[in-house]
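In structure tokens below, several structures.
The same subunit A turns up in both complexes below, where it pairs with subunit B and then with subunit C.
Take a look at the complex of A and B:
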């Protein structure tokens, strides 16, 4: 999902100035207007067709499926069952609420906490160094790397004969079966997701840091404030808008991600790393239960929507933009 | 900031973080050179005994890498081309043309960004499978495999990007109307105005959007996995490599998988390093990934 809260968005939204037709009068003008409308729709036809087939139709279809039972073959066999699929998700003994939705929230929150604290520290430090571009490039590498590469490398690193356990053994500690132990599997994938998203957070925070006036730091230096005091009393409070932005977008991404989990654990062991989007995927493509899958998708959508609205509300209330 | 002393502590933190970021990549590279019995065994060794290139040969043969590569290139190329074209056309119409419904369509574009991608995997897949009169289907979408038989299935759900339209529109709004008006008075049609004036003026944004789209499309995994399950002929690089990882003895194939991964991330990595400036601006514009 893309965040649409860039500064120019709202002011320019939907009421740009009229452009053509000013120089021509009378009938010529209406003719030009009409021609321009035709051209505009010609330019928009591919997009509107796409929206019809790949946006509106699928949403309607998914909504229908979420309230039906269907084996997946003949469209005529779709059997409406009302809200049964949703009721099934939240029924006693269903794993959807716990552990799946709890895992989803833990995954998103854990990623935010790790990536945010890591990126704040690194971004603040990079700001004091030379070759800032080089550092940012290095931290950015995971972002342009396919999830299949990231997931497999880390999966191997977590193995008993992998790098992480190699380091633990070298330190005299025992090996940990990170991805096989239900207690460590979720934290282990959270670390990878955070590792992969720190780079973009650093980028946003660096931009935020650059916008803090130098005079604040000079004043603090005159007052004899140490670097730690400066960080807590000046940098962090003034970085708040960027922090909030990173926090919210990272959280929304975390709620929806499941590709990394498919690659690393497939949701296992048991349901230890199963998240809502993965459950939707499994219900559909492993069990062919299209109804339950669609219901799970909409249930997660409600959570994402609530988080999005909370975000809009926070930004509006504080009058802050990204 | 305080630049009086050499910032030892900052260097320490940043270098540690950078090492943590780069080490998994190096581990992937080193493992790709390891011989049989050298990976996944105790004790862990970072460096291979010899820099053996045979895993790369094996990856190319066992993975059918040229085919995977071709599929990835076709899907990525179609998606990037289509996103650039449709975003530029629609962005121009929304920014500079006057027509009834403009406000409504712009709102529509913005509101589509509210719907997260995971909502669409199931219905998109079913729509492609039941596409009428394709892949052996009848008029009601029954009986065949639908559009999944075609390589375009990989690209179809990504052909238009609402973010791209929005981005192009925001940049086109700032092109002065006088310039466009002058061209119109000189007799240029709207298509010529778009192609000769608007497109050249928005080249840097097009590069940014193209790069973002290219990287996303190249790295896309879930949708390609779904389509490849229905039709293995259109398997892309990430899907093929993951398949090898999942179904063949991991201790023996791990170095081959790593070699395949190294080859598969090279194109994007090179592109990113060359055009970093544009990519980074794109990430700033689109928020986080």
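Take a look at the complex of A and C:
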């Protein structure tokens, strides 16, 4: 074993045992390090302040509100109620767990399932086409279109006498009240949300497809593998990191979004398309019940966290690191 | 080296850097909405309303400009947001200590605002004046637990709009007066194509929004002698024979295909695809614009009652102008509101029918100019005159017998819960009994929480 002296120890050895001068040097270095730390923190202050003001403070305030009653008008009127708001959310007869939270999960799951499968197919097709940039741009267009416009256009298409029912009628089928029937309203909105979010998924997946080495495909071709085998055995497994990213982000977006629902159905008919984020918004801004709204926000936060961790765990089990 | 001659006189970058924050601070501290605070300077009152654009904005600005031109000590400045943002804006401004001196809330929110300490009760002399000058429905809308909180402004009563041409085509020569006639007319006028698409709705039930869905149902409930909320405001009263009768009627109309709740009734009626619908008076102005010459086919009648000898009743909704509990100059604000809402002035631009010396309050003139009503029946008779739109007459008559929309604490949530249950009934998710029971349970729970 070779003993290697660090430059600092070598220097100290050359000068003999520690002296008063060395102690002074040590103190100087400590001072310098401390000064450097102070400077570093000073540089960090704007970022830390930003997080404190826009993340920690609102989070703390929301936590306080979730255990209080507050009408939203006067900060002096915040009235602590312990866990009553949470108990109210999950009390017998409350609509929060079912159908609201159930709708939220179905909406998010449905959106992810549709958008993911659709985007995998489309991205794979685009990867084999010419003018790939053009196709990607076309599919990306819904992302840059305002939700209000998307929601209203689809609403008109779904209406009795609209485009979708027109096609059904042309095929000799009867009209369907997509957004008015509680059985079809949620799936109808899920389709629109998936359509609107498929563009970003395609963008990520096409990038993922580009990163798969061509040599794998060449080897598969030499072995005589067909396109389906290549897709299932090479493309899909190697696309898993991109799929994980799309899956997690789309699922989180789905759990928290309500803009499309408010435009298309306002949560109706009844509570058929009501989701947690919309209910929170109504509780706070329409009914002035900020306590319940904040409690619902924390309940949704727990669901989001659990769903995200579960997704990460599932993908990591399969050997992929997000 | 000599200094540049301009340097000594002009504003250097350093001076500018020092002066800018000071100027900004000074202008911020001046608190423009409260006036400068210097002795002799005018008091500036702020007024927040939803009269944010078009003719509504101009209609309110007219009297405000007149006040500002004729009053030196107190000036009024208006702020406006869209109706959908009004409650949120009131909340946020109030929480931030930036509440306006005068508020123009939808009366449905009054219980919530009073409970939160936002609204100041009207001083006795104003409360007395309001009680004397307005109809019972208007005073009821502007009151919470019997205490008046503001001057009623825009009042809406509900009546039955009908398409004369569609009724005539079905062999019906007058609007229905009873529910039996209503149902009969609805079945006879409704038409669908082979694919189930609605061509004509006999009676337009609509899930368009809270106000449409709930407004129609409550107007019919009131016509049947029922109430949504009990007299003390602490529980719902809809689970009653009258409530059951209304839910039964609506359920029958939907199941039979005479009503198609998914259709946007506001567009469909204007396109001649709805024979009858219950709606508020503001719609007449919109219909005139949308329908053009076809508006002559539109008639308005009182909301039908269950039996011919029942007393008429309907729903009324409204807005009011009240003073913020945090207002620095409440007496000045109340004085402005009295001037705007009760002082009678000569009416300009009226037809000969009204006479040359006709007078009305500024608020009544303002509301009529935008196709709305106030709760002052005398003003309405003067302003609408004999030559006005006859379709407005039933709404005006209804001021005498309309039931104000409940405005207890939690009223907005109660209304939303009722809408959800009505929709669940219309779409077959709940039976009449279940819908009534669920409404009662949910509304009772929420209303009791709000007290």
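Following the convention adopted for this analysis, the second predicted complex is superposed on the first by the 250 of 322 C-alpha atoms of A that agree within 3 Å, B and C clash if a C-alpha of one lies under 4 Å from a C-alpha of the other, contacts with A are read in each partner's own complex, and residues count from 1 in each chain.
Convention: a contact is a pair of C-beta atoms (placed from the backbone, for glycine too) under 8 Å apart; a residue touches a chain by one contact, two chains touch by 3 or more.
None of the values given here were measured: they were computed from a predicted structure.
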item: Partner chain in contact with A:293 - subunit B first, subunit C second, else both or neither; value: first
item: Between subunit B and subunit C, more extensive residue contact with subunit A; value: B
item: Partner chain(s) touched by A:282 [first = subunit B, second = subunit C, both, neither]; value: second
item: First (subunit B), second (subunit C), both or neither touched by A:174; value: second
item: First (subunit B), second (subunit C), both or neither touched by A:77; value: second
item: First, second, both or neither for A:159, with subunit B first and subunit C second; value: both
item: Which of subunit B and subunit C A:118 touches, first, second, both or neither; value: first
item: Contacts of A:229 with subunit B and subunit C, given as first, second, both or neither; value: neither
item: First, second, both or neither for A:149, with subunit B first and subunit C second; value: first
item: Where subunit A meets both subunit C and subunit B, residue numbers; value: 72-75, 159-161, 165, 169, 285
item: Subunit A to subunit B touching residues, read off their complex; value: 1-6, 8-9, 12-23, 33, 35-37, 39-41, 43-44, 46-48, 50-51, 53-55, 57-59, 61-62, 65, 72-76, 118, 121-122, 124-129, 135-150, 152-154, 156-157, 159-163, 165-166, 169, 195, 197-201, 203-204, 207, 214, 217, 221, 227, 230, 245-246, 249-250, 252-253, 256, 258-259, 262-263, 277, 280-281, 284-285, 290, 293-294, 297-298, 300-301, 304-305, 308, 322
item: Residue ranges of subunit A in contact with subunit C within the complex; value: 71-75, 77, 88, 93, 95, 159-161, 165, 168-169, 173-175, 177, 179-182, 266, 268-272, 282, 285-289
item: Subunit B - residues contacting subunit A, complex; value: 1-3, 7, 9-11, 13-14, 17-18, 20-25, 27-28, 31, 39-46, 85-86, 89-90, 92-100, 102-103, 105-110, 112-127, 130, 140-142, 156-157, 159-160, 162-163, 165-166, 170, 173, 177, 180-181, 184-185, 189-191, 194, 215, 218-219, 221-222, 225-226, 229, 237-239, 241-242, 245, 254, 257-258, 261, 264-265, 268-269, 272-273, 276, 279-280, 283-289
item: Contact set on subunit C toward subunit A in their complex; value: 87-88, 90-91, 94-95, 112-113, 115-118, 195-198, 207, 209, 260-263, 410, 412-413, 416, 419-421, 423-424, 426-427, 429-430, 441-442, 445-446, 449
